[in-house]
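Note that chain A is present in both complexes that follow, paired respectively with chain B and with chain C.
What follows is the complex of A and B.
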């Protein structure tokens, strides 16, 4: 199982990736959609965690780009905003929608659930 | 009566708000609007009424005057015919006598007496008869006076009868000192000479005829001669042979009638006719004031009609103007209140957006702290040295707990912002009701109000807006609490209906709502509790919220028995909403 974490907050995403690694979940991280596009060309990922609000290309747009390249890939949205727009996007488009700050155990559970779907 | 009083004591005139702010104050001057409406409408209604009344007044007055003149003229004309006939009859009789008798017979006193007797029998009022020869000598005479042998050759009438062949005299007293007139005709004898048959006629019968005329209204009929001297008795004028105060009307072959203005006695209606071949002028005089008495009644009626008309118009105009301006005033007040409400909602929305923004900005660093502290804990737990250091682990847990607390606060802030929008989620009706009752539990306990909930088991979870439903139940329960006395009861029940709908009733045994208020309770700003802080928005918002979730609400109430709100909610509110959104352009 390999995950890609995309979030413009480097401190957050790098730490989260490290914590997942400590729990035997292989997770790469990038801080922009551009980097994400590049990295998925090179490696295979089972699931992506996307920040909904990012500069230039947001999580929802990036999801569409990634899905074109890897059809059937699972997605979990992360957001610090919690607006109605985000909520609807999260409920309708992604497998799960989680609000920051997150609980690592909840996240791991959701990851497993999403991959089972 | 109360309604009528309200009509004349509208809010806008007495103690009403005349609008706020200097810029638009003039637009909200309801007193001025009312005055303008009343004046313009009243003028446009009363002016034509006055014009019609004035026109009607003049037309009727002219008609009455014209009718009076024409009636007088008719009377004069008829009387003239009577008098003419009276004189003509007598002239014809004399004419017949001179043709039927020889001169020798006529100067025979026996024959002449028979003739006089016959004339009296036929015509009456003939006092004497005489035969005068061409020299003016009265050859024969039958009558009460010793006039036989009297010579009339120097008398004007003798000359006139010689010239014209016939003569009718003025009325005069003569030797007998009794008013009478003479009729004389001349007859030419075969030898070229002539004689005159003369008779005296008492004017009693003429007087009777004139005095018995039905004239009314102080009317007066009499005869004058061309000098204006009274020839017959007059009811309200001078004595016979006195000159009348009215000037002699100028000659006219026709009957005339006109209005005569006496400088001392006022106006008269005067009708006259010259009686042909006589010196007589028949006159009928009527007092205009008396005649116009009937007109006074009509005039009074017109004035009464006009006054009533003006009163009705003013009453109607003031009533309508007050009603309409008051409605405008109420509509404006509602608009202002609604605008304030919208402003308030916008303010709330701004606060919501600000809260959401702040929460978002805080959430990101909070997430970093969360992850970093999580990583520290992970590292501690992996390290043999630190995993047993409870103090360090406790410190990290404390950071975690604080982050979680901050997270809960930001989540609440974001949730507050999100509640302003619409969101569907599966809801459990009984759970929502119980939660709302939980908010009010303390007050219910304190006031000993019993709340029973009876939600049918077959009602499934359904898609709706949880926040809005909570608000609906909160408002309805607040309303019931306000209506209830301590120790009252509230029953909430819900049953599943056919066609995927739920029927929910919220029933209290409180004071009830008067029937006149029932129609208005869902209107914005209608409140009977304004003095104790009611905004008049609770039930209005409730109504809107129920509509938002695709439902309907109705109410029935009995004074001192209680009130029951009945809501019908759809199980498929989400699809209804989506359908609405598809139809409504954004």
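What follows is the complex of A and C.
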């Protein structure tokens, strides 16, 4: 299993990737949609964890771009944004829509559940 | 009791809600960094108890990250506090430089997410006016929101405050795609009400992509 984490909060996304790797989950991270587009050209990923609100291209737009290149890839949205409208829309699009801050054990469970869907 | 909402109050509430949502998002992001940092410390502590070696440099960098996030959150909360206290008095003395600096900070998440850069050319000395700070902040927020729809390809908006004989003016530049129609559409009931309450006027100049906001030196002495 290999994950790609995309979030413009570098210190958040790098530390989360580090903690996942301590639990034997291979996770690469990038801080923008542009970087994400480049890295998925080179590597295969089973699941992407996307921040919904990022500068220029947000997670929901990036999901569409990634799906064109990796059809069927599983997606989990992460956000600090809590509007009900965003939650409804995001939940319908992705396997899960999670709010920051997250509990790593809950996240890992959601990752496994998403991959089984 | 009337169930009608005062339109000026409604405009203020909309502004306050948007800023609160943006700020809570920022705080959540900061908490997420702190959460992962604390979680990492917990992870390595458990590993150390099992005899694994600790990377001290990584711990040092993590401590720096956590301190930085505390400072960041403190800055966010301080700005929120300044905004909240701007409703304390119907008219108070403010320095336009400081007010614009606050507005750049409060709108940063929104502007950056939309790919815009907002800057201000602060003057060396204070530009002190007596106004209703909350509604002036509300008005600047609305102008910035409008400006993001009509900037040129550089996506840069500059605010230049200047002292004038009757008070002060703020020039918003970089609005290269502004048209007369777009400006008229911007003048909604809310915008007109805030302008009237503050005794301010707005002057567009489509030829050079600029809007000038004229602000009276004292809210009790309107601009003529």
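Throughout what follows, the second predicted complex is superposed on the first by the 117 of 117 C-alpha atoms of A that agree within 3 Å, B and C clash if a C-alpha of one lies under 4 Å from a C-alpha of the other, contacts with A are read in each partner's own complex, and residues count from 1 in each chain.
Here is the rule we go by: a residue touches a chain if its C-beta (ideal position, glycine included) is under 8 Å from a C-beta of that chain, and two chains touch if they have at least 3 such contacts.
Everything numeric in this text was worked out from a predicted model, so none of it was measured.
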Three-chain arrangement built on chain A, chain B and chain C clash or fit: clash
Touched partner set for A:55, first chain B, second chain C, both or neither: second
Contacts of A:11 with chain B and chain C, given as first, second, both or neither: both
Partner chain(s) touched by A:100 [first = chain B, second = chain C, both, neither]: both
Touched partner set for A:80, first chain B, second chain C, both or neither: both
Single chain B stretch clashing with chain C - from 188-196, 332-340 or 440-448: 332-340
Intersection of the chain A residues that touch chain B with those that touch chain C: 9, 11-12, 15-16, 18-19, 22, 53, 80-83, 99-102, 104
Parts of chain B lying in touch with chain A, wherever the complex brings them together: 356, 359-360, 363-364, 366-372, 374-375, 378-379, 382, 403-404, 406-407, 411, 414-415, 417-418, 421, 423
Chain C residues within the chain A interface of the complex: 21, 24-29, 31-37, 39-40, 43, 47, 62, 65, 68-69, 112-115
Residue numbers on chain A that touch chain C, as the complex places them: 9, 11-12, 15-16, 18-19, 22, 53-56, 58, 80-83, 99-102, 104
Of chain A, residues touching chain B in the complex: 9, 11-12, 15-16, 18-19, 22, 53, 80-84, 87, 99-104
